[in-house]
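Pasting a structure below so you can have a look.
Per-chain residue numbering starts at 1, and chain names A, B, C and D are given in the order in which the chains are listed.
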Amino acid sequence: MTWLDVLALAPVLVLVIGATTLLMAGAWYHETRPLIAGGIAVALVAAVTAGVAPPSPMEIAGLFSSAPFARYFAILWSLVAALILMLSLRYASEREFAAGEYVALVLFSAAGMALLSGATSLVGLFLSLESFTLALYILVSFHRNNNQGAEAGLKYLVLGAVATGFMAFGIALIYAASGTFHLPEALNGLQVGGHLRPWGLLGWGLALVAIGFKISLVPFHLWTPDVYQGAPAPVTALLATGSKGAVGAALVMVLASAPGAWQELVPLLWVLALLTMLVGSLCALPQENLKRLLAYSSVVHMGYLLTALLPGSPEGYSAVVFYLTVYTAASLGAFAVITSLSNAHGEPQKLAAWHGLGYRYPVRGAVLATCLLSLAGMPLTGGFIGKFVLFHAAIKGGFTGLAVVAILASLVSFAYYLRVVMVLYSSDEPAPALHPGTSLEHAVLLVCVSAILLLGLYPAPLLDLIATLIP
Amino acid sequence: MNQTLLFLIPLLPLACAVLNMLFGMRLPRLVAETLAVSGVAASFLLTLLFWGYADGAGTHALLGTWLPVGDITIPFALHFDALAAPMTLMVTGVATLIHLYAVGYMHDEEDYARFFGLLNLFVFAMLAIVLADNLLVLFLGWEGVGLCSYALIGFWYQKSENARAGTKAFLVTRVGDIFLAAALLWLFALTGTLEIAAINARAASFAPEVLTALTVLLLLGACGKSAQLPLMTWLADAMAGPTPVSALIHAATMVTAGVYLLCRLFPLVSLSPDGMAAIAVVGALTALYAATCALAQREIKRVLAYSTMSQVGYMFLAVGAGSVAGAMFHLLTHAFFKAALFMAAGCIIHLAGGENDILRMGGLFKRGPRELFWVFLAGALCLAGAPLTGGFFSKDGILLAVYTQGTPLFLALWGIGLLTALLTAVYTFRLVYLVFAGEPRGHGHPHDLPLLMRRPLWPLALLGLCGGLLNLPPLVGGHEWLTHRLGTLAGREILAGHSIEWALAGLATGLVILGWGFARWRYGQFRGEQENRASRFLLLGWRADALVDLLFVRPFTAMAGLCAIGCDRALVDATLDGLARQTTACGERLRGLTTGRVSTYLAGFVWGFLIILGWFLLALVK
Amino acid sequence: MIVPFAHVLIFAAILFTMGLGCVLARRNLIMILIGVEIMLNAAAVALVGGSAYWRQVDGQVFVVFLMAMTSAEVAISLAMVVYLRRRRGTLEADRFDGLRG
Amino acid sequence: MTTMATSLPQFPWLSLLIGLPLAGALLCLLQRRSAIECRWLALVTTLTTLMIALWLFVTHGDGQAGWLLREDAAWIPRFGIRYTLGLDGISLLLVLLTAFLHTVAVLIAWPEQRRVPLFMALLLILESGLMGVFLAVDLVLFYLFWEAMLLPMVFLIGIWGEEGRRRAAVRFFLYTLAGSLAMLIAMIALYLLHAAQSGAPSFALADLAQTRLTLTQEYLLFGGFMLAFAIKAPLVPFHTWQPDALSESPAAGSVDLTGLLLKTGLYGMIRFAFPLFPNATRNCLPFLAALALLGLFHAAWSAYRQEDVKRILAYSSISHLGLVVLGLAAWNATAWQGSILLMVTHGIVTGALFAVVAMLRARTGTRDLAELGGLWGAAPALSAFFLLFALASLGLPGLANFTGEILVLLGTFHTQPLWALLALPGLVFAAAYLLRLVQGALWGPAPANRGAIADLTVREWLVLVPLALLTVWIGLYPAPFLAPLAGPVQAALGGLP
């Protein structure tokens, strides 16, 4: 671990050290506001260091890379952590969260995500994946006296553990077949005709089960709606954006490292993408609860992600990265609105609570509408450019059939997003009063909305930046 | 004076119409009425003033471009020639008298502005047809008169039957209009222009079957407006409008527009013998049909309506026989005496206290003003074709023209013409006897007629009586002023020996006397209202309305139902809503998967694992 | 190697399927977690076999990482189990179906 | 946006046309403005846009082909997407129609009381979206405005509509969206083919028109584009959303929807579908004509059986646009000029009819034909306008629609006599259902339970008089409106015999 390696790991180190100090401080000093403020500061410093620090050697101890790709995601996840902490300031104090532990866990998961986005070896991938998953197990059921939180935590934990089992055994088999953990070579293990090839194939299959769980591809997605509904809103935001985004980035790293190697996996990924998009959008149609609807919508979006990954072309990968960024902004915005509206005795989830909300709380109504329309892919929002770039990559890569399925899924998705937006602006029957929202939350909303609209109206700079990132 | 002043003839009534419609209600009643009458009278005087312009090929006047079509432009243009001049004079003259009469007739009607506005607008539209230089301006006038007749028939809109009669009139005439439009499109495609003179000039170059098709289209277009078979069902119901309207529109001007169209395009129409035969046949059959129906009508105005249909049939027969002069001659005389008859009928209804069923009138000779009887009698004599009256000479001229054609078809048509002449005499004198003879049957208490309703009748009755002077045949020393006036436009030269002409004249007189005798015997003393199947059949116009309803209206509504409910709601909407319901339903079923129990979620894992195992085995096999 | 590599892998696979079977069959939370532990151990066996076969040490190093991670996970799981037992009085996994649909 | 300044020699009129309404909308929304302020703000914005459109019409209306005004700036260079706006004869006319109808719409929406700032803002955003659609030359920009104009319309129907508004709004949105998604895929596929052939990726209309396509490819892509445009200009099998949307939307919304949104589909065909796929177009013309005729009669028949006044007008729009599409399918200069003029006059006449029906509904509180009647006695001025616009709609010569219809028929007869003859009975059908509408609304005895009805207020006069003047003016002297079309139509037809 030379001095350069330390510099390369700087953002993650800042997060981890910051998290531990705040954790220790939390033991003695129980005031929520300063602790969370500290957390925000740490996250922002990490984001700055990730942006500023010069890209030193490309790989640290064979486990993680510090290439601009990883740095980009380090910035993204640190910013997400900062925004989520800003969101949770009022939310946590109202529910007497243990501020120290809460901030530490959020920062730890951000660190894990940043590492995962740059993992260049299966060991690195496994460790970073497990590190932020463990943090999330606790965060999901952080709200002590809330039954739903406990239940969600349980489900996430049990299924997560099983997934970890699959992941571990998968990696073991891949190692057995290829003799190495380092990614480009591990993937090439599939090509060699040797007697160990079946084990390698089985290994990657099992690894895909775990990845399928983490980014909720269809047969493995059943936990998503319950955990999103049960978990506190800021944690759900972290789950929806961070955990899925980081695994997506890891997938890009894995697949981009050995372009031709994983042709065997394409039919499987194709089937999973198809299932995910169709089942996800169909399940979302009859939803009456906004959080569950957003859960299913995140399932569908991961289907779109796979469609872009399949061609394995640079356009595909940059489409995935751009789509992830826009998806993160939109999902974070949507959950931020839910958080800012929730008050002491609960979060507004049932659609009935949202009747005519666009008139009672015009700003947040408009923000939620913009986020939903961006998720749907409405022009003028980032979602449209994301979808456009994604379809362009899919059709160019020859997956026109899947692109058509993606179009049908987005048509269905317009139906349920529009239904929510119409409910927002339907006639204003009397509805329970919700929280007016603090200025900090409004700041977070502003950040998300301006990100969406900017990416919608003038995406050129980001698209060019991303094109340079792809390994 | 330069030609563009010609435009004042149609534009003056238009200006008065617009003024009346916009500010009519605000102006005092007298101002509005004088405005209306003076507008039409002024254009009458102008026609007289410009009479000289109509000599020779007539004068063309250009107002401005109307419609640029590709590289050529269709202008607003007038063509005032020998054919148009007498027609304009008749239209403006009769209109002025009818306007005066209307002032009296509509005395207690408070919505007078709308009435006079529409009447003036009608005169403008009619003049647009008469003076049109190209077919598009003619079409503008054509649909304009259709609109005014629709609005005026439905003038007393409070009773929705009147409005429905108006709609029926507009729709049936519109069916005719699309045939005219088809001819118009075809002619434009053939000649590249719509100018009537140019079309007539190039007509010779068309192929025979094209000529016949064009003539048939023009015939059907004319039938719509002139209420000939098969588009005649609207005229009888059009009597729902006020009497001045019936007098002007459904007696003198609009119904003759079809004849005028055929005369205008006579050079084209005359080139196709089958076309001419068709026109003649339609004319003759309509004449016969209308005469039979007139026999059984109970309302005075419906009798006159069917009589008009019959007389216009005669005009069509004349055009079919190649005699434009004969058709125009009959058109002019008919306009005079029929307008007089309608106005007289208006007075009769007025006197009978609004009752217009002739079986409940009678005895008006004793009780009513004597001059009304003399005017009505004068008109009736002309209509019946009594010798020396205008009607006699014009109808005799037509029968002569048909007879001189000589072909067996035209001989048959000549026979029908004679039979119709007899029937005409019968229903005319039936009318006279039922209204004037015997004891008053109705309970109406007669109140006196305003002066304005009596005075305009006289000039028209006299014009009708001595209308023969217009085109007196050489037989009686006349020099056929109208035929010479028309010159080349007059159509076929009618050459016949004096002996034939005397024979025909005698025959016609005999028929009139026979008809009068029968009517006197049958209707002299009122024998009560006998109602039998035949008379009811004739009363309903051979049940033509029921036929049209069966053949067109009912299938149309059925198709409408099929499209609106059948296709749209049942087929297209159902599939779409069904699709939407299906997706939501299977969404609901898939949602059921998340039962909330951890074991199901683990089962989901296993399903996923099985998919991967399946893929794994496949990959191994490859 | 004293035992052919294939046998080691087959043994690990059998162990893994047994662990998976235990997870699916049992309803009690603790038994499910034990099932997961068995699956992880199977992974450890395969790793050690692999490291022996390829004569490299990083397989075994990873086993140590794996053990550390497993213990962390067990700690959290047991904490959750205790917490749920105290709140709901039962450890039947399927009784926790408040969130559904 | 740095390259914006250099490539822009003259004042960016076109961006102003799009930006001005948008600015007005933002002003309405952002500051807490009272209803009166918003109404006047909206009126001022639409009037200024109208002035600009009129100025452009006057100075550029001389009918020379090619782009009269053009603006171009880089937007997303990576995919060759540029912010290109172009104005030619055809779009000049439609831009003028958009500006005019929106001024009328604001006046019609004057008595609206519920949430006026949002209503006016949505109306202005809709105007800006429509301007964008008629001016965009870059395909992605066109697609962006094509979908962007859906949203305000959906909200206008969904929030201020009548009873079944939510269902109608969602159906309208999803129906149009399905079509436009098909267009998106076709657009991207075309772009990829072009990029592969020419190496320089670009979404400009001119570049994409050069791609050499096999016939099957051309049919597929043509199908994608035409699906979107056929749904929007409702050709019959895809039209069922339109009567619901029109009858449920508020008055101003209906005027916009029927006057302009339906024209975007037709404009799309003229601007994008036909030039991009000339061979497929030529082979599909008979099929298009068949659909048009089917639409003409089907809509006329359906209109005859409707009870709701607004639904009758909705079906009459479908019938009229059937004739427009027939004119386009005839592929003849006169027919095209007639079609485009009919698009404009239909916008004016049917828009006016919707305005009158809205005033009628405000007075009698009902839209059902059976409950109306005897209006002439109560409100003669309103009834006179109603009759004038109904007559114009059934194609009375001397009024606006006749000019377009006769041009279409003359042109169609020239190339395809049978089609023109088949279309003629449409005139009788139009008379049938429109006179039934007039009979039900104006004539007949006034229903007993209806109270006294006030005649037109000053505002209503202000709405109806310009519309009436325009209807008569285009009917009697259409030359100035046909002048700008000569060049572009010739150019558009140039590609094919």
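We adopt the following convention: a contact is a pair of C-beta atoms (placed from the backbone, for glycine too) under 8 Å apart; a residue touches a chain by one contact, two chains touch by 3 or more.
A quick note: this is a predicted structure, and the numbers were derived from the prediction, not measured.
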_Pair exhibiting more inter-chain C-beta contacts, A-D or B-D_ = B-D
*Quick one: most central chain, C-alpha centroids?*
D
*Whole-Å separation of chain centres (CA-atom averages), subunit C against subunit D*: 66
*List the centre-to-centre spacing of subunit A and subunit D in whole Å, with centres computed as mean CA coordinates.*
43
*When the centre of a chain is set as the mean of its C-alpha atoms, what distance in Å lies between subunit B and subunit D?*
38
*Hey, how far is the Cα centre of subunit A from the one of subunit C, in Å?*
26
*asked:* If a residue has to touch 2 or more other chains to count, which residues of subunit B qualify?
replied: 591, 594, 596, 598, 602
*asked:* Residues touching two or more other chains, restricted to subunit A: which are they?
replied: 154-155, 158, 162, 166, 225-226
*Residues of subunit C that touch two or more other chains: which are they?*
23, 32, 93, 96, 98-101
*Return all touching chain pairs.*
A-B, A-C, A-D, B-C, B-D
*Interfacial residue positions of subunit D with respect to subunit A in the complex*: 1, 74-79, 115, 140, 143-145, 147-148, 151, 154-155, 158-159, 166, 169-170, 173-174, 177-178, 181-182, 184-185, 188-189, 191-192
_Can you tell me which positions in subunit A touch subunit B when the two form their complex?_
154-155, 158-159, 162-163, 166, 198, 201-202, 205-206, 208-209, 212-213, 217, 219-223, 225-226, 264, 267-268, 271-272, 279, 282-287, 412
*For subunit A, which residues are in contact with subunit C within the complex?*
123, 126-127, 130, 134, 137-138, 141, 147-148, 150-155, 157-158, 161-162, 164-166, 168-169, 171-173, 175-176, 179-181, 195, 199, 225-226, 229-230, 289, 292
*Of all residues in subunit C, those that touch subunit A in their complex*: 5-6, 9, 12, 16, 19-20, 23, 29, 32-33, 36, 39-40, 42-44, 46-47, 49-51, 53-54, 56, 58-59, 62, 65-66, 69, 72-73, 76-77, 80, 83-84, 87-88, 93, 96, 98-101
*For subunit A, which residues are in contact with subunit D within the complex?*
359, 373, 378-380, 384-385, 388-389, 391-392, 395-396, 400, 403-404, 407, 410-411, 414-415, 418-419, 422, 425-426, 458-460, 463-464, 467
